[in-house]
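Next come two complexes, and both contain subunit A; in the first it sits with subunit B, in the second with subunit C.
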Partner chain A sequence: MPTESFETGRPFIAGPGVPDESGGLPEGWEAPRERWLSTVVRPAFGPRSVLLEVVARLLIPAILVLSVFLLVSGHDRPGGGFAGGLVASMAYVLRYIAGGRQELIAGLPLRPNALLSLGMLIGCTAAGLPLLFGSPVLDTAKWELVLPVFGDVKVLSALFFEVGVYLIVVGLVLSVVAALGARMEAEEEEARTEQEQRIARQARRTAQRSDAVRAAESQDTPQPPPMNPGGETR
Partner chain B sequence: MLLPFIFALHAIVAVVVPSLVRVMGSRAFLVASVPLAFSAIWVLTQAPGIVGGRPVVASVPWVPALGITFDFRIDALSLAMVLLVSGVGAVIFCYSAAYFHAGERALARLAGILVLFAGAMLGVVTTDNLFALYVFWELTSVSSFLLVAHSDHKENARRAATQALVTTAGFGLLMLIGFILLGQIGGTYRISELVANPPVDSPWLPLALILILGGAFAKSAQAPLHYWLPGAMVAPTPVSGYLHAAAMVKGGVYLIARLAPGFADVDPWRAMVLAFGLATMIIGAWRALRQDDLKLLLAYGTVSQLGFLTLLAGVGTHTAAVAAIAMLLAHGFFKSTLFLTVGVVDHQAGTRSISRLTGLGRRMPVLAVAAGLAAASMAGLPPLLGFVGKEAALEAFVPGHEAALSTPVAAVMLTGIVLASVLTFAYSARFVWGAFADKQTVSGFPFPKPSRPFIAAPVLLSATGLLLGVLPFAVDPIAQSYASPYSGSGYDYHLELWHGFTPALGLSVLLTAAGVALFWQRRTVTKVQNSMPSWPEAEVGYHLFIHGIYSTALQVTRRTQSGSLPVYLGIILATMLALPGVRLLSALVSGDVALPDNDTGLRLWDNPLEIVVALVILVTAVATVREHRRFPALIIISALGFGIAGLFVLHGAPDLALTLVLVETLTTIILVFVLRRLPANFGTRPNGWAKRLTVLLCAAAGSFIAVSLWVMSAARTSAPISEEFALYADEAGGHNLVNIILADFRALDTFGETIVLATAAVAVASLVLLNRRDRVVDETDDNDDIAVNETEADAAVLDGAAPNSVAFADSPADHPRKEG
Partner chain C sequence: MNVLLAIPLIVPLLGAAVTLLLRRTPRSQQIASVLTLSVVVVNAAVLLWQTRDGAIMVSQAGNWPAPLGITLVADPMAALLVLTSSVVLLVVLLYAIGQDIGGLSRATPQIFHPIYLVLTAGVCLSFIAGDLFNLFVGFEIMLTASYALITQAPTRARVRASMIYTVVSLTSSILFLTGIALVYALTGTVNMADISEKLGTAPPELRMVLALLFFVFFGIKAAIVPMHFWLPDSYPVALTRISAIFAALLTKVAVYAIIRTQTLLFLRDDISTVIMVVAIATMIVGILGALVQDDINRVMSFALVSHIGFMIFGLALGTAAALAGVVFYLVHHIVVQATLFMVNGLIRQYVGHTSLRAIRGLTTVSPVLALFFFLPALSLAGLPPMSGFIAKVALFEAGVASGGTLAWTGVAAGVLTSLLTLIAIFRIWTRAFWGTPRPDMVEAKKQLRSGSNLGGLHVMTAMTGVMVGVGLLVAVAAGPLIDVSMTAAEDLVDGRAYITAVLGEEGR
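On to the complex of A and B.
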């Protein structure tokens, strides 16, 4: 019965293929991580595509690694914080398209706003830190390190600034996807659910009303049923 | 030099006092009065030097590049004003401690803003720089806006506050223009220098003076701008007593008095001051005479007195200047006493309507005596300071005493002042009678007696007025010191209680008799007032003005914001073609710009692959325009974007190409999200002339961009800085120039862009919130609907015989879910 979920106070999720509370979909941002494109997938567009799911599953880690590569290699090769951020957000967009908004929510490490503020914080720190050492704003410093596995590594302080840009771009794209994609989808779904609930309630009410009428009619009969509580209160 | 420290003290207390209010309730006002008391006492210790002609000066640089410094200068006039602002202010603050309950709404905010206002007002009356004066002036406007709107949950309070702010700050802007004009033609922004050497030869001076007088008149509620002052009476009574009796409204009078020694003889200063002052004095007194609300009576009385002060301060004669100082102090003391009295009456009896109060004199004799003395001072009875001031004022306008005033003008002014003084006497008597008398027609009601500390403030202020009236030689040095610039006329007037049998004394006796008669026949007066045709309210002008602004704004918005994206785009493109486009065309025709020559100019291709890419771009561009369905159009236009990315690749710009590909992909995906909500096909497409116009406009815009890019590539006149970039790239530690430019050379630009990105993201988030809010509204609507249905259902069940257990079990389960 579809009305059960609002007696228990749980958020109601409607639509085909929704399991009941024993394995209900987690709602909210704190959803567990391991449900990664698992059984219940409702893609943003059209029917489920197994091919897309498999490709997404295979590619997303690689895309994220690529984005980090673009970020750190930007100083010598094409790439940089902006491109890296775009690539990283592409991974999440792919995940959203393949798995729907629940998947997007489950896969986010942080809320988009938290990403944005973290990015602003890192960017501002990287910009302002040189002031403490008597250098101008956004001055760059260079460190040459010899690391055990990587060998000679060159670290530029501009990299931290690029990390800030990276995070801000990811945050921006995810806000837009959340607003224009997931939010709109959720609204459509809620409208659908409410419509269904209203119809169900209406049907129930007409049923109740006819019940009441029937009960009243039974009162008028000369021999009331002995177990009728309504008859006792009168 | 203590003055900057006193300002700092005001600021600190203003910040601290809100938290104190939360801890110790309304007693925090006692702490708030500390900086005011301190500044009053300090200025009193400096008084002997100041009246001796040695002003206290201090200077703090503010914007040295513009020559703006906080110059402070306390002379006799400032001394009198500081005594009012800080001395009377401190007393009113102590009174507030007893007036407000701890549970008063937003009391912490009120206390903080009051201290802020006191500091700003102190700045107005002590600064010697026109700009600093303006800043302090508008600070008082803004803080008084917040104070008048103290009961911000009431619409009339908000409206009155806005009205006061728009009027005073709006004319304040005109005054700023006047200040700048005056400073430019005078060559300095120091008030003391301007007054000492007024630029009387400049043709701009009258305009500057008119603008400055406008600001001062608005601040001091001169007719026809007086409407905001009675409206502002929605403020709590101590606030009214401070702002609208002692401090803020005197700001305009102060400015007039400050400039009058230099500019009183410049036309049209004296004519304006006399005309507006006298009109205000009579109108205010006439309207005060018929108010039922004691506070409104005082408000109109204040308007009248402000007119009186304006004409005394502005006329620019020795006796009038002496009278101005005496009246300034007298009004500060008696009017604040009366306001505080109204506050006590309102606080204890719960009303301030004359027609409901009776027998208060017997219940509160001390307060009645204090208020009676203050009202007597207002009416001009001896031996009070008000009498001393009014004597001096009458003396100033006796024809023939002052050379600056022609006999007819002096006679007209004297008649007007006597007339207004008769009215003043009548409404003063009406105030005392209305507040304290036993009235047979009104039935009394019980109310608690006020506590001693509560009535201490009005008693103290009233006693000061009496004391200074008996000992006028305490005020006389200040007045003489202020009036000293006028002392050349040879007529030396001193403040005294007894000058012998002078014309002024005769007029005093006459107007007292007339005032008594007027009060005696108050029923007749009311009848006359009621039978008079109602003249148009000055407030109507304000409303017309505001309405005019609204409707103009609406018209402009309606014309320019049509809501059609093609129209907006068309306007943008047309503007681009009309301004830079026409310029480019004319430059091309006249040969102003050098066209690229054959070496650096057009080539067919650098790489044959470009032909392929160009073909892709061309085909997709044409196809986009011809496509009637939205989704395919989107796909084709992104293909066009990829084609352009291909061009970048072929020209050796992998960074650009990478970024463009990524952005193009993301935009396409996001647009697909949006397309779900849009119809599948483009609804209307232009036909006929509209279509031709669109095609023409777009073709012209495209050609313009192409041609101008082509021309620009050859228009370089100096070496590009990017050549240097390659040299410094190694120093910056990388090999990818584009990235180094972004992250190092022009990192500040990138930083700015990230801020833009973050702002855009926040804007998107707020759009989501907006959507949410809509849904909440929808849900409440639904709720109402459902509630109605449910009561209906319940009623149906009750009508029926048996309460249906299912129905009752269902509705409570429904409710929390819907409302939660």
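On to the complex of A and C.
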């Protein structure tokens, strides 16, 4: 049940038709009433936009598939791990823009640091593996396979290196987004909440003071303040 | 052959990935870093052993033939420098680990270890890159890592220093890239052996402009006067472990790149006068700066600038004897600078700062520390029987042998610089080490010795001792080292062996 996972605080993927349980009124006529992305927190800037959320939801799988296509086709055509990684990280950046930092965190398969180190491990292993066979670093082996649907497929061992590069690029872009976008956003939000609290506190204090003054005044005019019976010494 | 050349790149990067994964468990992270660097040290020793007789090892990455693919080359000079650097990197790493164990540093080890290993890979790649573009990549890996390292434990001063450092380094990188583009436009290749062949037919004026351009942007990184201004501003404020590595390695990598490009790519006669004048200016200006500083770290930074001049002086002479002196000087200087900055770090632990105005009587506070400062300092000044003496004598002999007004002026400037270095050192010695210690220093020492950080302090002191020992070893093993340097210098003067090794007989 979606509501259960919502109660445990874990984001879940919700499709159209699941009611928005974030509470509160929609922020404008264009704010979506249904959830398109996995989290329903207010995005970083501006009101929620139904257009952006729907388009992001539709595009992200396509972008990810394109990035994998670029990755595997890169050995003799335009593309490769670097380009593929950039495209894939753009999917996450789009998600971040549409849904804010909660959305970014919900969508990540691994932490950016883990992605980085995993990519580095795969890349270095793929680069260093030929050494075991007496070849220089980065040497490539080639296999030609006949697969049922794809037909003749050429697989290069360089693909593993490219996978490493792909992961490094995704990890790097995501850690940049996390550090320069999400972190700053969180800090800004903190500062804003603090400021709001301060203003609220100030307002409350002013209200109390004016209340007290009014009370004192209302006490003042009809009857004089009672004298201190005990005669407090100061 | 392939394995030996690949390990200095692959293993530190793998180590960086592993330490990044292990960042929650400091102990395993430390073990992983130490293991990684030990492998690099052993590998470098084997590499030097294989190339000691002047053999040049070549590995063509991905089996792409030479002028097209990535070429990794190790001649005796590169092998010697990889070994020296990796030893220094390992000892400074252990020093840093000691500091972390004792809780004596505000660095964040989780970030420090991976970046440090990436820096190692960058330094090694710069030494063994066989083409200009990979030299650039090696420099960039090293510099990017250093940008992150210099702001460890950020304070206002560190962030300011890192701004200067980053802007200057990026400027030099942009110039470097421009230089590579110009060379490529002229010759159609970035492989250094191939460029060396093809530049022979290029117009001499163009060649000279390129030689000057290469000298300038490596000169910025090597802190050659008048492009040295950034160094004394940025190195002293970084954490000790980081300024030790920066002072020991980064400038020396740039000096190595200057020597490699000026000897292999350009007929050095083109600009040797300019190089000589700049070398003399570097020696004198650097040491005069050191004489007026009030902070030990800043004195050492200016002394560093000044002693870069010696290596450039050797390059300007250009004879095999002079280049052998330069190679030996590089080894000596890497070790000595690292030691001195490590000692400064210990002083910072004991006193809290390194300002000469408020330090007195360090000899009483810690006699070992005084000894550890004294030995490398004498070596820096070039007193016998230290390694600095041997290196300087080798350079001066070469200068006298080649004769000429400029060479004699250079020798005179070198002797003067050595004397002034001695004065600078005795200034530190009399002000910081002699006398009765200030009461607050004794108090601070008691506090340091009583706390739970004693073990860490012992490790730091021991590692500084090891570094002093390495410095003495350089002096003791001067005979074989000079032999290797001589072989390396002969390879440098006569680039044909290098070119044949990279391009193969039929490629020429």
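What we mean here is this: the second predicted complex is superposed on the first by the 154 of 234 C-alpha atoms of A that agree within 3 Å, B and C clash if a C-alpha of one lies under 4 Å from a C-alpha of the other, contacts with A are read in each partner's own complex, and residues count from 1 in each chain.
Here, a residue touches a chain if its C-beta (ideal position, glycine included) is under 8 Å from a C-beta of that chain, and two chains touch if they have at least 3 such contacts.
None of the values given here were measured: they were computed from a predicted structure.
Chemist: If you stack the two complexes on chain A, which partner ends up touching A:E162: first (subunit B), second (subunit C), both, or neither?
Modeler: first
Chemist: State whether A:R192 touches subunit B only (first), subunit C only (second), both chains, or neither.
Modeler: In the superposition, A:R192 contacts neither subunit B nor subunit C.
Chemist: Could you say whether A:V177 touches subunit B, subunit C, both of them, or neither, answering first, second, both or neither?
Modeler: Only subunit B; A:V177 stays clear of subunit C.
Chemist: Kindly classify A:L86 by the partners it touches after superposition: subunit B alone (first), subunit C alone (second), both, or neither?
Modeler: first
Chemist: Would you sort A:A127 into first (subunit B), second (subunit C), both or neither based on which partner it touches?
Modeler: Touch partners of A:A127: subunit B and subunit C.
Chemist: Any idea whether subunit B or subunit C touches more of subunit A?
Modeler: B
Chemist: Could you say whether A:A114 touches subunit B, subunit C, both of them, or neither, answering first, second, both or neither?
Modeler: second
Chemist: Touch test for A:T140: subunit B only (first), subunit C only (second), both, or neither?
Modeler: In the superposed model, A:T140 contacts both subunit B and subunit C.
Chemist: Share the list of subunit A residues that count as touching for subunit B in one structure and for subunit C in the other.
Modeler: 113, 116, 120, 123, 127, 137-138, 140
Chemist: Provide the residue numbers of subunit C that touch subunit A in the complex, in ascending order.
Modeler: Against subunit A, subunit C makes touches at 2-3, 5-6, 9-10, 13-14, 16-18, 20-21, 23, 59-63, 70, 72, 114.
Chemist: In the complex of these two chains, what residues of subunit A are touching subunit C?
Modeler: Touch residues, subunit A against subunit C: 113-114, 116-118, 120-121, 123-125, 127-128, 131, 134-140.
Chemist: For the complex, give me every residue of subunit A touching subunit B.
Modeler: 6-7, 9, 44-45, 74-83, 86-87, 89-90, 93, 97, 112-113, 116, 119-120, 123, 127, 137-138, 140, 142, 154, 156, 158, 161-162, 164-165, 168-169, 171-173, 175-181, 183-184, 187, 190, 194, 201, 204-205, 208-209, 211-213, 215-216, 219, 228-231, 233-234
Chemist: In the complex formed with subunit A, which residues of subunit B make contact?
Modeler: 654-655, 658-659, 662-663, 665-666, 669-670, 672-674, 676-677, 732-736, 738-740, 742-744, 747-748, 750-751, 754-755, 757-758, 760-762, 764-765, 767-768, 771, 775, 782, 789, 793, 796-797, 800-804, 806-807, 810, 813-814, 816-817
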